[in-house]
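Some structures to go through are shown next.
In what follows, subunit A forms one complex with subunit B and a second complex with subunit C.
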Partner chain A sequence: MVVLTLLIPFLASLMISLSPNSAKYQPKYIALFFSLITFLFSMSFPFIYDFADGAYGGYEKFVWLNELFPFEISIAFGVDGLACLLVILTNLLAISAVLISFNIKDKAYYTWLMILQGSIIGVFVSLNLIQFFIFWELELLPMFMLITFWGTGNREYSAMKFVLYTLVASALILTGIIILGYETQSFDIIQINSMGMLVDSELVSFAFWFLMIGFLIKLPIFPFHTWLPDAHTDAPTAVSVMLAGILLKMGGYGILKIILPTMGFLLNDYGLLLGSLGAFSIIYGAIQTLKQSDLKRVIAFSSISHMGFVLVGIASNSELGILGASLQLITHGLISGLLFLGVGLIYERTNTREISDMSGITNQFPKITLIMMFAGLASLGLPGMIGFIAEIIIFIGSYQSLPFVTVVAISGVLFSAAYMLWSLQRIFFGIEKNKYNSEDINSWPQLVSTLLLMFPIVAFGIYPQPFIAIMEEGLNFLLNAGAIL
Partner chain B sequence: MSIDNFMILLPILTMFTGAIVILLASMFFDKKLMIFTISSFYLAVICFAILNMHAYDSVQLFSNTYLYSDFGSLLIVFFAIIGIVCILFSCLYYNLAEKQLLFGDYAAITTTILGSAMILVHSIDIILMFVALETIAICQYVLVSLPRTRFSAESAIKYLLNGAIATAIFAYGIVFLWGATASTNILDIGLFITNANDSSVAILLFSILLITIGIAFKMGLIPFHGWIPDVYFGGPINVIAFLSTASKGTAFIFFAIFAMFIIGDKPGSLAIWWSGWLSLIGILSMFLGNASALQSTNVKKILAFSSIAHAGYFSLGLVTIILGNSNGLSSVFLYMIAYGCANLLVFFVVILNSQSNNNFSLDSFQGLFYRNKILGIFLTIGLLSLTGIPPFAGFIGKFYLFYNVYNPNYWWTWFLVIFAVLNTVIAAGYYFRWIKIAFTQSNKKINKIHYSNSVYALLFFLGLFTIIIGLYPNKIIFYSNQMSDFLRILLS
Partner chain C sequence: MSIGMQQSWLLTLIPLTSFLIVSLFGKKLPRQGDWIVVLSGSLCFLITLLIIGDFQSFFHGHGFEPDGNNIYNFDWINIPNYLLIEYSTFVDAITVVMLFVVSLVGLMVIIYSIGYMQGEQRYHWYFSLLAFFLAAMFTLITTGNLLQLYLAWEGVGLGSYLLIGFYWEKQSAAEAAKKAFITTRIGDVGLLIGIIMLWRVAGTFDIQTIIQLAQESTFSDGYLTTAMIFLFFGAVGKSAQFPLHVWLPDAMEGPTPVSALIHAATMVVAGVYLVSRMLPIYTLLPIAQNLILITGLITALLAATMGLLAQDIKKVLAYSTVSQLGYMFVALGVGSLTAAMFHLFTHAFFKALLFLGSGSVIHATHKQDISQLGGLKNKMPITFVTFSIGALSLAGIPPLSGFWSKDEILLYTSEFGAIFYGLLLFAALLTAIYSTRLVILTFFGTPKDQEANDHAHESPKLMSVPLLILAFFATVSGFFIFPFVGNLVGFDSGFSGIVYLDHPHDFHIELSTMLVAISVSLLGVLIGYLYWLNADGRRAENAKEWAPEVRNLLLNNYYFDNFYQAIINKFILGLASIIAWFDDQVVNRSGIDGSAQIINYIGFRLKFLQTGKIPNYVLMMALGIILFSFIMVVNY
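So, the complex of A and B:
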């Protein structure tokens, strides 16, 4: 089932690129059909697989390279609770991304979008480091193409910047993976995780930092974040949704899946440093949002701020902190996805992203206002919505080991309330400046794409138990490896 | 010469017979017949080599100057495939450019080069090595001057003069090697070096330094790369495609085998010095090659500098061999195949794109994808493979190389890995720029271009090979590991 879920998007991309040019086979319907199927498949994971005690569902293993290295390398697929939720999130956002781009007719666009979806799923279901890295790199090309050719503004620059930053990250991760391979004599993630902690040595701390910086670039955290606002600003809406919703989560997933089970003990030494970096990132991102005049940049910086919470949670190296961080990956995926959908809808109607030009558009677009208000409130962590759950768990978890950092991080919540409400006020309320001759949401694809994300935000915000239960089971591999203190 | 010896030599003899027959045939045969003749010769060579691979074990021939091995046969197959692909493609190229007369010359000289390359990789005697290397070099000078234009004549002269100096240095090196060890047989030299005491290391070092410089020139490593941009820029492009793949590959694999024999698996102080120079040269080549390529806007120059940068990666592979890693040879070989396929793919697309207007600027690629989708896709595959993006061969080649470069006994090999990995990022700058240009729609009216199916078949073959090697490199590694194991037994 897992392998099938991975293969369907690639199959879809092939079918789209080969489909005849006629009104009957519009690429958007093919893309929608296949993304629905992948979503349904992935939704079945929690029901058909048992994730108890860190078990992997749908585990498949094929021998791949047996001559190259002193040890055998297999292709292995499987999902645990963490990966399962991320795959579901990927597929959910993919449906939204297809729906929101229903007015694009290019075959190539949907082909790349499907390849993007497939390669991201590949990252989450890979249980071999080389295979993980292959999918990690594969995601680069569709992103590059989508931003370069369907983006807006200074898109070529942004796409190149994105590629180069990601490649630097990949270079560091590759070096880290090579060290891990030498230290453990294996590239099999399950096998490496079952070995427990590596022996502390200079080389291992090198590997720790290579991998950590590589993943932090992707997350992104303060000094490595500059690619994100550019990429977001110039990307088409659907790509922004995917970028904020899932691509950033790959960094967090890498830290949880690769660094913590093998080198988690180094967090005793570097936890404070990383936690402070995370806290700084929270405050820095929040302050930056206040300065931005471009709506997409506001949300991009808010993403940086929110990803800081993930790092704080992980750096605390406590069970609750890490649980909260992994929950934050999912919740931020949903919320920022929704925010970018909203921005895309506004941009489509007003043709501007300048906040100062919008002012008072609530009279013209009441439905969009509702969506954006909803997403904004979720983003600032309003209780009753999913964002609140993740953040509160992080704070409870991290307070014990990193009290000072946690206090700083909590002040970030205050900031996020400030910038979110202020931005919403400036966009939607106030004096009406311009009259746009376009209507509020009136087509089903746009409505459905937003409702798809709004539903889980409320549902799991009110009753988070099933969601947290899967995640807790998913993090058992860390407990088994002795990563969490 | 017994019948077995004859059988073992048959692929190489076929190559040289083929060269003569092709040269004569080009005077009488028309194009279709020529292609048939050439293809049948190369096919015969491949068949003979594969048959030998199953029939014979490793053996030394001709008073220990020639070492037959399965790995050698594999190399013969590889060279023959590269050769036939290059020749068939050039056939189309000359057809397009209406210079049919030259095709026979090109095919004959290329065949001679490949035949000599096959001898070179089998030779275990420095005299035989020198002869084979020189045959290759002289043929290359002729090849560059083939179109008899001003540019190519200039390039050929530059190449000749630089090459002559390199040859002299190389010859000087092997003379010292002979002087120090009193043998021309590499196996004996290797044994001598393994048992050498410190007093004789100085002269060995000196000779190895000279030999390294001589071969570094042929590989195009900085600071011995001066000829590459000129020759690439001035020479005929189908010749450059061949030079940058087959003859570079020959130099690498020769150097790899040479280093393996000299060092064995017990690296001493000689190995540390030697690997030190090579790492330095390699780092310089990677960095300066990539940095220069970033600034170029002419695709010929970009390919020239990228080939210098790739030579840098190769030299890291050589460092692993010199430091005694048993997988070093396999990693160099795998990288060579990956690089060869991708490089040829890119060169062929460049030839096809530029054949009408002889315009090699990067802008001439604008909207290539919309003019001809197949060319666009294959260019992308080639460039991604050169960058090292999975699932193409370039990725697995680079990964395996970098994995082996790290040697736990020598801490500084870490810096080589980091440096090499970061250089792939720099390289991505210009490869991705190229891809972007190929996918950017130009404002001008699009003239769709079409080529014959045989052109597409060749491109398809190379592209498929790039993907297959990327996904399943097991068999190649199996043979090359067998070779290194065998050598280790021979040396101990």
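So, the complex of A and C:
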């Protein structure tokens, strides 16, 4: 089932690019159909697989290169609790991304979108480091194409910056992976994790930092974050949704899946440093939003701020901190995805993202206002919404080992309320400045694309237990591997 | 199944359901669904009465066990071995008092709103928000654990935010809503830190367990004091205490019934409720308790002086609310739970009454500025009489309710220290003065705006009946101090019996302090009378000349808003500019683009090595061989 879920998007991209140019086979419907199928498949994971004690669902292994290397390189697939939720999130966001792009008719656009979805799924279901890396790289290609050809503004610069920046990260990660492989004599993630912690050595420290910085660039964390606002600003809406919603999460996933089980003990030495970096990033990102005039940049910087919580949770090296960080990956994916959908909807109607150009647009676009208010409140960590659950668990966990860092991180919640409400107020409330000759949301694809994300935000915000239970089993795997000392 | 203490979760469920129904389908329902909210409000009041009855018989039957009333409904978050958060409800004496206040004032405000909000656009949205607020408020007061309390705490904050910003086309309303949310959030951050600190040592969010552990002195005093002070920050924000009081006067931008419900009787007393709930711990920590006392005292005084000169009828009431909340914190600071809860109880009725009364005036004249009002007493007799009852109660004139509860606070403070007592008496004097001024300027004298006065009329029954009911409670609720009145409703020793149950010892009346309080109140009323009524305001006009600096200070509310605005503009936004510049120029341009340029430059230079001429390559090769041979020779 897992392999199938991975293959469908690639299959879909093939079908879209080969489909005849007729009204009957519009690429958007093909894309929607296959993204629905992928989503349904991935939704079955929690029901058909048992993740208890870190077990993998849908495990498949094929030997790939046996003779060339001192040890075998195989292709292995499977999901644990964390990967399962991330795959579901990817597919959910993919549906929203397709729906929000319904105005675009290009075959190539949907082809790349499907390849993007497939390669992201590939990252999460890979159980071999080399294979993981291949998918990690593969995702750059569609991103580059989508931003360059369907973006706005300074799109070539942003696309190039994104790719080059990420390639630096990739180089670091590849080095780290190779060191890790030679240290453990294996690239098989399950095998490596079953060995427990590596023996401390200089080389292991190198691998730790290579991998850590590589993943932190992707997360992103100060001072490696400047690619994100540019990429977001110039990307089309659907790509922004995928970028904020799921691409950033690959960084956190890498830390949780590769660094913690093997080199987690180094957090005892570097936890305070990384935690402080995370807390700094929270405040640094949050304060900057106050000076951004472009709504997309506001949300981009808020993403940087929110990803700081992930790092704080992980750096605390506590069970709840790590669990909270894993949850934050999902919750932020839903919330930032929704925020970018909202910005896209506004931009489509007003042709501007400058906050100062808009004022009092509520009465013209009541539904969009409701969506953005909902997303904004979720983003500022309002209890009853899913974002709060992840944040509170991070705080409870990280306070145990990093009390001062946690107090700084909690005060970030204040900033998020300030910039979110201030931005929303300037856009939606007050005196009506302009009349736009376009209507509020009146087509089902746009409505459905937002409702898809709103439902889990509020449902699991009110009753989070099922969501946490799946994640917690995924975490067991980390615990059993001895990540937690 | 009978409904009692076990079923207090119904109080969350019923309003929440009506919120969902009315907000989603309100437009299509007859009368936009306001009757659903009225129905759920009435049901909640009924359930409250049943819970009180159950509580009373339970108390008589078994005696009181602090933990006996904790009811666990389900596991909200359960991470085996690490974290367990239950959804629980808890009913004790404090809850019962709060329940009565919230459900009664809530119901009155809902009914009143039907008249007041008639014909408003977004009528159904208004009613659905009232229901949402009530659901959150009921959760807040019936919960047994701190995290759930925080959940509801933010929930009432959201309700307040949305209702203050109800007229969102008005810039000032949108600003006020944002200000209220962010200012209270400053306190909420403290509350959250406090809750997490307590969890760290207690391993649970359950309030009764935490109190028990604290009393067994399992925790270090310093740590506990820090945690409890953080917790108190939350109360300071929500109850608009100094220095976070600035949001409440602005919150008056919301519809007036909302001010009565949220910003007078229920949400703003959540802070008092929280500290009351945790009082067994605070009494162990002198530093934290003194902080509460001093905060309350400063607030009571400051806000009372601000109320003296305010021109907006609702702002006067808002300052007075801030000031009265300060009184409650003073009571908690001197350790008297009974006095604080008693004042909370009576204040809720007379202040809600005053707000609804002012709403009636605004409804009739469309004016809020008291210098534009006047001469309404014959036009609006019911509003006039009920409003006066509220104002006199606030001023502390016996036998109205405010007198009894304020007297209790003064009594305990006098036992605590003369200076606190003196300052609090002074605040009581100011209270009496501004209450009198408010009544006189609104209802007596000649109308300043004849046209508005001509159009004025008594409000419809839907509005005046709630006024009469609240006036009744504003009059009689003070009598609960007498045991025989308590007996009438089934509680042995009056109000202290309700709050303290089996040991209602610390509730008494002293004739001497009572006489002092009465004379101070009467003096205040007399001053008000002499200045604003007797000389037809001439004395007050002349007084403007006295001390212009003080006058300016008061009119500008001690420049708190200006000060905070300056901090935000100069410091926070300044810092944001610096960071944005740093991020753009240093991190991005120099750090990232710069290193890219360096690589570009190196590449540009190095490309000249690729000359394409064979002799050059041979030369390089020869040099390389020599170099490596040299290294090998050196190494061996």
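Convention: the second predicted complex is superposed on the first by the 485 of 485 C-alpha atoms of A that agree within 3 Å, B and C clash if a C-alpha of one lies under 4 Å from a C-alpha of the other, contacts with A are read in each partner's own complex, and residues count from 1 in each chain.
To be clear about the criterion, a contact is a pair of C-beta atoms (placed from the backbone, for glycine too) under 8 Å apart; a residue touches a chain by one contact, two chains touch by 3 or more.
No experiment lies behind these values; they were computed from the predicted model shown.
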Partner chain in contact with A:3 - subunit B first, subunit C second, else both or neither: neither
Most subunit A residues touched (candidates subunit B, subunit C): C
Subunit B versus subunit C as contact partner of A:164, first or second or both or neither: both
Contacts of A:206 with subunit B and subunit C, given as first, second, both or neither: first
Partner chain(s) touched by A:178 [first = subunit B, second = subunit C, both, neither]: first
Contacts of A:37 with subunit B and subunit C, given as first, second, both or neither: neither
Which of subunit B and subunit C A:104 touches, first, second, both or neither: neither
Touched partner set for A:411, first subunit B, second subunit C, both or neither: second
First (subunit B), second (subunit C), both or neither touched by A:363: second
Subunit B/subunit C common contact set on subunit A: 164
Residues of subunit C defined as touching subunit A within the complex: 75-80, 82-83, 147, 150-151, 154-155, 158, 165, 168-171, 173-175, 177-178, 181-182, 185-186, 188-189, 192-193, 196-197, 199-200, 572-573, 575-577, 579-580, 583, 587-588, 591-592, 596
Footprint of subunit A on subunit B - complex, ascending: 327, 330, 384, 389-391, 395-396, 399-400, 402-403, 406, 408, 414, 417-418, 421-422, 424-425, 428-429, 432-433, 435-436, 439-440, 472-475, 477-478, 481
Interface residues, subunit A side, partner subunit B - complex: 64-69, 130, 133-134, 137-138, 140-141, 144-145, 148-149, 156, 159-160, 163-164, 167-168, 171-172, 174-175, 178-179, 181-182, 206
Residues on subunit A engaged by subunit C in the complex (per definition of touch): 161, 164-165, 222-223, 226-227, 284, 287-288, 290-292, 319-320, 323, 360, 362-363, 377, 382-384, 389, 392-393, 395-396, 399-400, 406-407, 410-411, 413-414, 417-418, 421-422, 425, 428-432, 463-465, 468, 472
